[in-house]
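Here it is: the structure, laid out below.
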Amino acid sequence: MKYTIPAQEVMCSGHKACQGCGAALAMRYALKALGPRTIMTFPACCWSVIDGPFPYSAVGVPLFHTAFETAAVVASGIRAGLDARGEKDVNVVAWAGDGGTFDIGIQALSGTTERNDNIIYVCYDNEAYMNTGVQRSSATPWGAVTTTTPPRHFKKERKKDMMAILAAHSIPYTASASVAYPEDFIKKLNYAKSIEGTKFLHILATCPPGWRSAPEIAVQLAKLAVQTHAFPLYEIHEGRYFKMSMNPAKKPLTDYLKPQGRFRHLTEEQVADMDRMIDERYSYLLEQAERSKPYFDAKKETK
Amino acid sequence: MKYTIPAQEVMCSGHKACQGCGAALAMRYALKALGPRTIMTFPACCWSVIDGPFPYSAVGVPLFHTAFETAAVVASGIRAGLDARGEKDVNVVAWAGDGGTFDIGIQALSGTTERNDNIIYVCYDNEAYMNTGVQRSSATPWGAVTTTTPPRHFKKERKKDMMAILAAHSIPYTASASVAYPEDFIKKLNYAKSIEGTKFLHILATCPPGWRSAPEIAVQLAKLAVQTHAFPLYEIHEGRYFKMSMNPAKKPLTDYLKPQGRFRHLTEEQVADMDRMIDERYSYLLEQAERSKPYFDAKKETK
Amino acid sequence: MQKVIMGNHALSWGALLSRAEVIAAYPITPQTEVVELLSNMCADGDLDAQFIKVESEHSAMAASMGASAAGARTFTATSAQGLALMHEVLHWATGARLPIVMGNINRAMAPPWTIWTEQTDSISERDTGWLQIYTSSIQEILDSVIQAYKVAEQVYLPVMVVLDSFVLSHTNENCDIPDQSKVDAYLPKFENAYKLDVNKPAAYGGLTGPDWYYELRYKIQKDTERSLDLFVETGKEFGEMFGREYGLVETYKLDDADTVLVSSASIASTARPVIDAMREEGHKVGLIRVRVFRPFPSDLMRKLLEGRKKVLVVDRNISFGMSGAFYEETKAALYNVKNSPPMWGYIAGLGGRDVPTNVVRDMIEQTMKEDHPSGDIIWIGVKK
Amino acid sequence: MQKVIMGNHALSWGALLSRAEVIAAYPITPQTEVVELLSNMCADGDLDAQFIKVESEHSAMAASMGASAAGARTFTATSAQGLALMHEVLHWATGARLPIVMGNINRAMAPPWTIWTEQTDSISERDTGWLQIYTSSIQEILDSVIQAYKVAEQVYLPVMVVLDSFVLSHTNENCDIPDQSKVDAYLPKFENAYKLDVNKPAAYGGLTGPDWYYELRYKIQKDTERSLDLFVETGKEFGEMFGREYGLVETYKLDDADTVLVSSASIASTARPVIDAMREEGHKVGLIRVRVFRPFPSDLMRKLLEGRKKVLVVDRNISFGMSGAFYEETKAALYNVKNSPPMWGYIAGLGGRDVPTNVVRDMIEQTMKEDHPSGDIIWIGVKK
Amino acid sequence: MSDEIKWKKESDMPLMAMSMGRMTVNKTGSWRNLRPVIEKEKCIKCGICWKFCPDVSIRLDEEDYPVVDLEFCKGCGICAVECPKDAITMIKEE
Amino acid sequence: MSDEIKWKKESDMPLMAMSMGRMTVNKTGSWRNLRPVIEKEKCIKCGICWKFCPDVSIRLDEEDYPVVDLEFCKGCGICAVECPKDAITMIKEE
Amino acid sequence: MLEIRFHGRGGQGTVVASKALAFAVAREGRFVQTFPEYGVERRGAPVVAFTRIDDVPIYIRSKIYEPDHLVVLEPTLIGAIDVTEGLKPGGWIIINSDKKAAEFGQFAGFKVATFDATSVALKYRLGSSAAPIVNTAILGALSKITGFVGIDAVREAVREIAPVKKDENVKAAEEAYEKAEAEQEQS
Amino acid sequence: MLEIRFHGRGGQGTVVASKALAFAVAREGRFVQTFPEYGVERRGAPVVAFTRIDDVPIYIRSKIYEPDHLVVLEPTLIGAIDVTEGLKPGGWIIINSDKKAAEFGQFAGFKVATFDATSVALKYRLGSSAAPIVNTAILGALSKITGFVGIDAVREAVREIAPVKKDENVKAAEEAYEKAEAEQEQS
């Protein structure tokens, strides 16, 4: 068989994720790329449960469970501890959900990024607080229903643009990725491993119960998010230079929304609004990517 | 006499600011624009002391002193409280230093901005933790000396680009201003008062003891910061559209650096490095302003 | 209106009936249902409140402070990690004299991660100046929120209404939902005399030196002590209006009891049938359920416990290097008392370890067997 | 080496001599000098440590946790608001069994803003499981940091070294700076048996149900109790190597004392000349300075206080609705004791109100005058 | 390592909540409502089913055919949806 | 309002630390090392000195000339530097 | 006091079943307490819930270790776990199953009754066909078989608690009530 | 025990003066304690610092209310505040002033000595001309006038504590030591 992603499995079966959990897939891929010389820290999130109860674990690498708001800076601390002890050649990874990244963890992340501490921060984004039963986060997309944004008061704020916020921190590398495109995800992690400083990866991770979707289409949905331009895959280098990872022809947004219960209440008009927002953002990204071409061309040359 | 700024004085004499304090000037101007129908909240910062000890106050408006990391969200709370009680027509202002904004308060600010709560957030930036005796903040510029970045280990990280970070939050209005240009500052505050949502103002405020500069040149230094492009004055509308408030011919950076003890240790080469960073950022701003012209032209027309 | 509701929803109903004007909260298991129901009540228009969906508990309390300072009646709820994250601003709410009411679901502290009940979270806020009510039934949760505002707004101090995670928060029980009009009569609209007011500008909380800080603290202590009487008064008044009276403690078969069990929350509830059973066997046992833990009802406890033969205190919390808090404080209260009874301290049910009747009985029996406490606290049910 | 240094620099020197490997801290008055000197020591190459300039105290402790979990010796320092902001992660450090050492400068809690000394900040962390040493001289601050690591790393628990704001932090005094080689002998390099190790992958702190959480807490309590012996042992060993012995408490003219003053930190220091003076006048007064407050040395306090005629406890902290913490806990410790002395509780010096010798004397004299404590705590020096 | 850990008493446990075994003790096969069945005939050994299984529950046999590990497969059905050859069918568990 | 507040006892105070007076009780003129002296002759009444005083310590007299309020002026010297006509000189306080 | 334990799988409505029973009992003016076995279990994992019923207020707040009766919503659990653990002798075991009670020979000493709640649920399209929600039907059956609570109260309770398809749920309960009977008593 | 109080203005080196004295005393093997009046005062505001000196360890940790002696770095403070508050009768008042001690008639009952530390500071360019740093000069004078501490120890202490211009500071102290004398004793 031809493996398009590393055969090695660091994460094991038996974990506690729901059927069809995108977060579980994301971890499986990440550990393939990172390998066993990796230390992880998780703030409170679904993965605090998925990994398994004491005295068991599923990830196969050292893991420090930490307080919800601390992932990035605990990783900074681990890195400093390793440096103090002369232990090089270990990936230090903060692994957090969208709530732990966009909301309660953003300050620690901002601090780590400002110091440019040498860690990889992975946010698996399932677009709500799933571990506590689907409450709104600032990563919840406009229009979605959660238990704190009921249908009549669905989420009226736009999804926080975390990539842009990180980019504004002049972070050396930030990239979006998706569980539907593991090869791309792994490539990005490999690049992140290869450079110094703070690296941020933003992974869209389907959550069947949270999105009120069938587990079997978890990968399909993640793919549709990219194909409908709702969740574009791209990189930002040095906080300034954009690069699209793929630029698929746009599929109708409803392909993505329809199978998800969380968008069921939206009127056609509202879907059109949403579509407009998505297109606007997408064209901004394309524009920035265009602007950044010379940078990447120059980079290629020097290689 | 021709007043170029409102004659009304809401702030009074007798406050505890050092001689030549830019933060005191900033407040004087702000209250001229805001007027007495304003409620303020201060996190820990020099203004916690400047305003005066219990049972006295200098600001002349209701003021809630709050914990260091909470300014933005306390303002959100005040606004919600007023709304609940049907009290309209009051400006709710969070007034914080750079430490309380760029560092320990960034999470609360990010949350408030994401909810787009209807407040004005003013950061008076003296580029370090002054109230505690000049420690590094993430607003401290590259190259500066503080008590935690001694000359041999001067600050090696660039000043966090708070305007860009806020812009990435799609904030309706963010603007930089300076105590050397009160008319501009007041105009911006007036605009901020006129629109709904979260507004952010970033004021450079000279600090003679912190910058190790003579008090009498406090306004001069603030002016030089603008004239050397070290602290450009501009606005960002809707998180996307840039507008330069002025675009002065660039003066030599050393005009700005020389009178400040905190930069005394820098070699010529290092000053040149700094200059390059400043130019790079400035041309980025100009580029963005250029890109945004159609937006402002359209805006003018609809007026 | 009679309903079967869960403990968390009793908090929401309490806030609704109290006409909370601003709610700022952040989700955490096992508190989420409080907020979800309040969100729905707001969405449905049943509750006319500003809802601030903050990004952390720290901000939940900070937003509550702002709202309360602006004069609005403010409610929030949290648990464990969330409560702990508020610690600095809990002190703030007290010092700023803000009558905020907060529900806290007792959950054990991490690490390791856990969600089951234990009081260490709220106990470790005992020094923040928040008044604390420990509830033991769904009905009491609802009623306590209303009473909490009544007391808070007279002494200008914040109140925490505490309930066990799952054992109360997720248990559904019969509950009388009082009429809004009656609640309005009991708890009128609040006019905060110290609110932020553009017509009376003042700065709150400015730098205070050794010249007056001490006196400000003294005032807090005096008002805290005053709240003891207020809890009794307002609890009586509540009884008159709603048929359910509340006090600082609840006693059961205490009058002639030799051996008295002191506990709180659900353990104290479970103890009632144990007392019944042992009484039937002829043992003179009685019960004190401590309801108000801050301020600690020291005088009352002295009155109730002086001269008893034996007292055992059961704590579902632990201050490492000392003991359970109810044990420690009951001892402290009864020190200097002539006829102070020997007192046994038990730790039970940490991290949600179930405390069924037989375990309660074991503790009483062990106490009855021993002449004198060994001095050490006794951990019941550690697997050894 | 003899030097005159300030209390804050004694913390820095303690960290330097302990060869702290990672420091993560955030400035706050009156702690800033600790961090500034450490920054300079790092810049000058005197200290080979990773310095993490975090954006808040919350992150200071979180970074410390990461570093400690990775096996590095970790130091931080804070005060008041900063300490309070760490509350959740203080619990974390305990539960994760991380031997972090932290200096805390006692400053009164806001609001109102204030910077002067009071112990309420550290007292309100008494339930987090951190061991706490209250110091009373510049020398003791330095020595305590070194001793703290020695204890922490044996019981895998974090230790807080506490000093009064300004009264100790900004006071310059003679101080012996021990030789590095001797300190190295006393405190060897630490190998954390539980560190994050890619060669022995394990997850730390995973979800734990009611089946085992209770036992994990029990282990913490046992190790906390074990630390009592270790404080004594390591304090003796310190005495042998450096000529300065430390224990759980420090006693002064206690042997034949009828009336015993119990206090801590700078008040206990100021009390010494008062005791001297009153002894000269023929009063049998003695002093216990509680040095280790967590774990509370209950056994020792019982031994030292049983049978005394009168005991007064002076607290520079207040748990509203209860009393000062040293009073409360001393009473709790001496409860169930046959010959328990009557005990008076005084509050003094909150918010940095100065406590000079005459105030200390007032409290002793008032105690000597009264037959029995009134039951209430006595606030000394409130302007009334 | 993958065996269930059975402690009797407090002293059997480590100092802190550290994992001593792997989650493979947790036989998640019991969660399954639907079971994936692979038709070898249709299979082209592309590995896509293996790639997308969130539960690491597809192995390859000696001939490189995918095999579902029914001890762990939760029956999410992703493999069936993703298989380009429709070689996998989900059937109801009894 | 601007008078100093003198309490004797705890019961004189408000419930919480709220301000009861304005900072004009604090005569910051005593901080001054240097004193600004205005030469009316040079002054063009542009108001710039007034505008840039961080201590609100310049008033205008009936003729619109600036007057320094020496009760509060801290002597920072900004007015002297900013005056476009060099009409202000800082002289040493004795 | 009656203590009843419910067994099912996450997603089947087990906890709601215990609550619906409580709602119904409360409507009859009695006291109830109901709570799930508190866990962080995901869909598909076994789930337990408890209900206490009494004529006087209920103070005990521990789990139920020795239930008087059982309700088993998911027959496949029988065998996988020991559902009868702690069950008091002579207690009812109400099983959602199309088998006859007699086929559960292992439950000697208890009163077994079966009712095919799944077909009723499917008939009224409650839940999905892969995972039908059987709680309202089983409640109707329980009412009939045990008489712990009257069908009128059940009807009201179901209407109150069902988030969607209120009518269908009521009908399911009613149909179950009509069809079910106490089939076999072992002792 | 000797208790000394220092008066000056923020920015003049008052706190450092108290520390330098402590450093010097410690070098002579005695015990010291020195601390500022803790405030948040800005530049220009009056500042107070304290030093205790003893031959045995010092335990008392309160402020000094009844100092044995005073050092006044800023003569303009005299009159503005009551510098002698609590001063023990017969105590020294060392004033930085170009006036004669006799001119301070208000200090009856104390021993007054003046020394023009400002000129010495200006001579060695310590601080700015607007705000000269007079602490090292006044210390030299204090050593000579009171003999509380020897000039050798002062020299070493000044060298240790001065952040810049170490030589100049030492020279200032020495020059002050040479020039100063106890001019007038009142009693």
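Residue numbering begins at 1 within each chain, and the chains themselves are lettered A, B, C, D, E, F, G and H in the order written.
Everything that follows uses one rule, which is that contacts are C-beta pairs under 8 Å (C-beta built on N, C-alpha and C of every residue); 3 or more make two chains touch, one makes a residue touch a chain.
These numbers come from a predicted model, not from an experiment.
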| item | value |
| --- | --- |
| Contacts common to subunit C and subunit D (chain labels) | A, B, E, F |
| Shared chain contacts [subunit D and subunit E, defined touch] | A, C |
| Centroid-based (C-alpha) most distant chain relative to subunit G | H |
| Whole-Å gap between the CA centroids of subunit B and subunit F | 24 |
| Mean-CA-position distance for subunit D and subunit A (Å) | 43 |
| Geometric centre distance via CA averages, subunit G-subunit E, whole Å | 32 |
| Distance between chain centroids, defined by C-alpha means - subunit A, subunit C (Å) | 40 |
| Residues of subunit A engaged with two or more neighbouring chains | 16-17, 19, 48-49, 51-52, 54-57, 60, 63, 65, 67, 69, 103-104, 106-107, 110-111, 114-115, 138 |
| Subunit D residues counted as touching two or more neighbouring chains | 29, 53, 55-56, 81, 85, 88, 92, 95-96, 110-113, 115-116, 202-209, 212, 215-216, 218, 352, 354, 382-383 |
| Subunit E: positions in contact with at least two other chains | 7, 9-10, 13-14, 16-20, 31, 74 |
| Touching residues (chain side subunit B, partner subunit A) in the complex | 69, 103-104, 106-107, 110-111, 114-116, 138, 157-158, 160-161, 164-165, 167-170, 240, 284 |
| Residues of subunit B that touch subunit D when the two form their complex | 44, 48-49, 54, 65, 67-69, 103-104, 106, 129, 131-133, 135-136, 138, 147-150, 152-153 |
| Subunit E contact footprint on subunit A (complex, rising order) | 1-5, 9, 11-17, 19-22, 24-25, 28, 51-52, 54-58, 60, 63, 182, 208, 214-220 |
| Contact footprint of subunit B on subunit D as seen in their complex | 26-29, 32, 35-36, 39-40, 42-44, 53, 55-56, 81, 85, 110-113 |
| Residues of subunit G that touch subunit E when the two form their complex | 42-45, 76, 80, 130-131 |
